[in-house]
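There are two complexes below, and they share subunit A, which is joined by subunit B in the first and by subunit C in the second.
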Partner chain A sequence: MSVVAADVSKWSLRNVSFELPPGSVTAIVGSNGSGKTTLLNVLAGHLEPESGHTSIAGRVAYVAQHKPMYKSFKVANVLQFGRRMNEVWDNDRAEQWLDRYRIPRKLQIEDLSGGQRTHVVLALALGSRPDVLLLDEPLAELDPLARRKVVRELLTEVNDNGMTLIFSTHVVAEIGGVADRLLLMSNGRLLVDGETDALLEEHVLYTGPHASKSPVEGPVVLAKHGRSQSSYLVRSGGTRIDEPWTARYVTLEELVVAHLERGQ
Partner chain B sequence: MKLESLIWLTWRQHRWSLVAVVAVAMAAVYGLLTTEAGDRALNNSMPIAGFYALMVQLAFGAVVGSFWGAPLLARELEERTYFVAWGQDVTPVQWLRGKLIVFGGLAVLLGALVGNGDGFVGATRSWGGFEANSLVQVGYAVLGLSIGVLIGLLSRHVVTAMAATLVVFTAVRVFLAVMVRDNYLPSDRVIARWEDTPQVPDRGLEVARGFAGPDFEPVAVPDRCVQAINENTCMRNSKAAIGTYIDYQPIERLLLFQIIEFVLCALIAAALFAVIFRLLRNGGGWKPSRSHRRIGPLVPEDSVVTAEAEPSSEPEAAAEPEPRSEPESEVAVESGGEGEPGSGDQTEPETAATRTEG
Partner chain C sequence: MVEFHVDRGSGFPAYLQLGQQVREAMRLGWLQPGDRLPTVRDVVATSGVNANTVLKAYRELELAGLVEARVGSGTFVKASLGSAAPEDLDPLRVTFAAWVAEARSAGLEDEDIYALVREVLSGGAQ
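Right after this comes the complex of A and B.
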C-alpha cells in the first residue's frame, strides 16, 4: 500500500504491508512525520491509498490525533450522537467510561480540557462497539496517572470483548508491556513488523574489541565503534558468543531507537 | 439510517443558522405582504418596510447558499470533525442526504413564502416583479444551496466558501437576468411605418428596438446615417428602412417565463448535487468508513503490479538502499480469532483481522 501526500510530490507511505491477528494490540511507532497518522487515516477509511488496499473485518472506530468533536455539543449530546448515528451502540459502556473519569455531562466540548475531551472521544469510539479500534496518539494529552489507567482499561476491553487495538505513539515508554505487536515506521516505510517479545529475543547487542565486521551471523541493525571497542546490535536470533565478546538483550527502547537511527 | 436521527443532528448542529434564516425570511414575508397596497399605492411610492423586505427577497437565495449551504461541508472539513461525522455507521452519502433533505425542504418552503409578494403593488403582475414569485424564489433558494455546498466541499474553508458562494451565486443570477431571461422564447415584434411610432402592448417587456427593412426584419444603420444629425430622417430619406420596430415579450408569458427560470435553476441545482454526491462517494479524499470494508479475497497480483510501478514514477526510490534485509512485502502473520475466549460476546463470529497490502 502506498500513499502520496496531497499536493506534495512526496510519498508519505510506500510499500507498507502487514496483517494483524484479531484481539491483538499493535503499536505503530515512528519518528515525527514518518507516516503513522497517514497509515491510520488509510486504515480508518478517510484516505484512499494510491495503490494497494486495506481490508478490515468488522466495524472500525477511529480516534484521530487532534481528538475532533463538535465544539457546541454537550457531553450528553455526544452520547446521543453515538446512539443515533450507529447501528450498534452500547450506551452503558460509553457512560461507564465517562463516569470513571468524572466527565461532567452538562459542559460543552469546548469547555473541556484536552484530556477530558480525549475521554469523551474515546467513550464515543468504545460505545460503538468496534471490532477494531484505531487510536492516534491517544495518550498525548493525558496525565501520567490517567495514561496508565486508560491503557489498563483499554487492555481490559481488548481481553473482554476480543477487540483489536492499534495505536500510534512516538513515546516508546508507552508500549512496554502493552503492545504485543510492533510496527516501526520511518520515512513512510515499514522498518520492523513483528511480535514485541519475538523482536526482543531476536535482537542481541554484542560488545567486544574493535572490529570492522560483525562477530555473528545475521543482519546488523546498528554498529558503533569506539576507540578500542565495537558494539553490534544484530538480529541474530540469540546466537551465543565466546570471549572476548559479551552479549546481552536490549530493551525495547534501545531496539526502537537503533532501528530508527538506521532508518534515517 | 433513520431520517429522524439526521434531522436531530442537523438541528443540533445548525440550530442557530436555521433559526436566524427562518426568522429573517418570516420577517420579510410579513413585510412584503403587509405593505402591498395594490392600486391604492400612495403617490406611486413604496413603504420602507416593503423595500427592506424586497431586499431580503432579492438576497434570499444567496443567504441560503452562504449560511446554510457553504458551511455544511466546509465546517466539517475545516475543523476536521468529518472524522466524527463520517466515522460512524452512517455513511457520508446518507449523512449528506439527510442534511440536504432538511435544508432543502426548508429552503423550498421559505422560498415559496418569500416569493409571495413584492411589497408594493402586489397582485398586479408585471415584468418588473418577475422575481417576486414563489416558483422563481424556490428555484433560487435550491440553486444557492447547491452552489454553497459544492463550494464548501471544494474550498474546505468556511469563510472562503461563504464569500465565494455569494460571488458565484450573484454572478449566476445576474447572468440569468441580463443575458438569458429575455430570450427564453422568441419575442414578438411591432412595426410602425414612418408616420407612426411603435407601441409595446400593455405591460409588455421591451427587448430590442430599431429600424425595420422592407422584409420587416431589423436592418443595420449605415455609416452615413450614424453620423447624420437625425438618424430617423436619414434612414427615411435614404429608404434604408420602411419604419421602426420594437421586439417585446408580452405580459401573458410572464408565468411561463417564471416556470422556465425555475426549471432552469432546479436543473442546475440537480446537476451540482449530483457532482457533490459523486465527489463525496468516490475520492475527494474521504471514503466512507466501515461499511465499504469487509474482509474479502485479496488480489496480490493487483497490488504487486501497482507497487512495482512506483519506483519508476519516482527515480530516487530505486537509488535508495533497502533499509532492511527483511522482506517488506507480504509479511503475514496469520490470524485465528474463532478460538478466542472473547469472541463469544460478539454478535457475529467475524474475525477481526486487519490486513494491508503493498
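Right after this comes the complex of A and C.
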C-alpha cells in the first residue's frame, strides 16, 4: 500500500516515479536546480505535471521554502487564518507547537526571526492535521540545537499520528536515522531511490593497487585512479575482498556525492 | 535505562547502531534479563530517530534471541550477553581506565586507541 505515488514529467522533472508507504519519512536530496522544489510543488498540487500523475491519500500540508505568510498578520491571526481556511483544524496541536518554542502571539510575522517564522508555518501545517506533510528545506533557518529538537518533534508526530513526512534538504549528514527513504535527484531525474539503511549496506568502497576493472561484481558508482592506487565505489551488497584490497562502508554523504559526481 | 545516541553522519546504518548499543549495555551489565527496553516512542522523542528504525533494531535483536516483544507491554531483555561477572568486570574497568588515561597523555587519540585494541585483540602485535 502506498500513500504517495508519483509518475510525473514537468519541464524540470523527467520520468520521476516512486511510491511511499504511509508513516514513512523520506528525504529528497540533490544539488541546486535538481528539481526538488518542483517535485514538492507537483506533489502538493500547486503545479500540474505535463504528463503522468500523482496520487496522495488523505490531506496534504505543504510548507514552501520561503514560508509565505501575510507579513502584517500577528501570530495569533495566522492561527485564526488556519482555522478558517482548513476544514479540519486542530488548534491545540498548533498552539502546543508555538508554546514549545515560545513564540509570542502578539508579534507580527515581519518582526519574527527566520527561525520563529519556521515554527509558525510548522504550527500552521500541523494544525491542519495532514496525512502527508511536505516540507521544502524546513530546517534551513534553524540553529543546530533547534534543528535537532524540531526533528525529534516531527518524528514524534509521525510516530503518534501515522503521518507521512517528505522533506527536502541539503544537509545529508543529518538524515541518518531520520529518513528511512532517500530520493536523490539530479537534473530533474531520480538518480537513487532506496531505503537509507539498505543503501548504506549495499555500497562499499574498495581501495587497492591500480586496476582498470572493478575487483568485485556489481554496479560501479564511481571509480578513481591515482598513480599507483585505484578506488571503486561499488553497489556490491557488501562483498568482502582479499588483500591487498581493502573495503569499507561509506557515509551517506560520500554516497550522495559519488552518485552526483557520476550523474554529471 | 539505555540512552541511545545515533551518529547520523556515520556509514553504519542507524538501526545497527541502536542494536550495537543494546548489546554493549547487555555486556556491561546495564541491561539484565527481564529489563524493559525504552518504548519506540521514547527513543523517537529523545534520540530523534525514526520509529521504523527503532522497530527494525528491536526486530533484529529479537531475531538474534536477545530480546522478546510482549504484546501490549513492550520489549524485554531475554538473554544475558558477556561472560564476565560484575565483580570481575569492575577491577578490569579500573585498570583499563588507567591505561586509557596513560595512552591519552602519550598523545593517542580515540581512533589510535581503537586501532591498537583491535591489533592486540587479533594477535597482530605478538
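Keep this in mind: the second predicted complex is superposed on the first by the 253 of 264 C-alpha atoms of A that agree within 3 Å, B and C clash if a C-alpha of one lies under 4 Å from a C-alpha of the other, contacts with A are read in each partner's own complex, and residues count from 1 in each chain.
By definition in this document, contacts are C-beta pairs under 8 Å (C-beta built on N, C-alpha and C of every residue); 3 or more make two chains touch, one makes a residue touch a chain.
Model, not experiment: these values are computed from the prediction.
Of the two partner chains, neither subunit B nor subunit C is touched by A:114. Shared-chain residue A:253: touches subunit C; no touch with subunit B. By the touch criterion stated above, A:159 is placed in contact with subunit B and with subunit C alike. By the touch criterion defined above, A:237 reaches neither subunit B nor subunit C.
Contacts of A:82 after superposition: subunit B is touched, whereas subunit C is not reached.
When subunit A is checked against subunit B and against subunit C, the one touching more of its residues turns out to be B. Look at A:209: by the touch rule set out above, it reaches neither subunit B nor subunit C. Contact with subunit B, but none with subunit C, is seen for A:66 once the two complexes are overlaid on the shared chain. Of the two partner chains placed around the shared chain by superposition, neither subunit B nor subunit C is touched by A:104. Within the superposed three-chain model, A:174 lies in touch with subunit C and out of touch with subunit B [touch as defined at top].
Common to the subunit B and subunit C contact sets on subunit A are residues 23, 159-160. Remark: subunit A residues 23-25, 148, 151-152, 155-156, 158-160, 173-180, 196-197, 200-201, 248-254 touch subunit C in the complex. Subunit B contributes residues 1-2, 5, 8-9, 12-13, 79-84, 86-90, 283, 285-290, 292-296, 298, 303, 306-307, 309-310, 314, 317, 323-326, 328-337, 340-343, 345-347, 350-358 to its touches with subunit A in the complex. Against subunit B, the residues of subunit A that register as touching in their complex are 1-2, 6, 11, 14-23, 39, 42-48, 50-62, 64, 66, 68-73, 77, 80-82, 84-88, 121, 124, 128, 131-132, 159-164, 166, 181, 186, 189-193, 195, 219, 262-263. Those residues of subunit C that touch subunit A in the shared complex are 6-17, 40-41, 44-53, 56.
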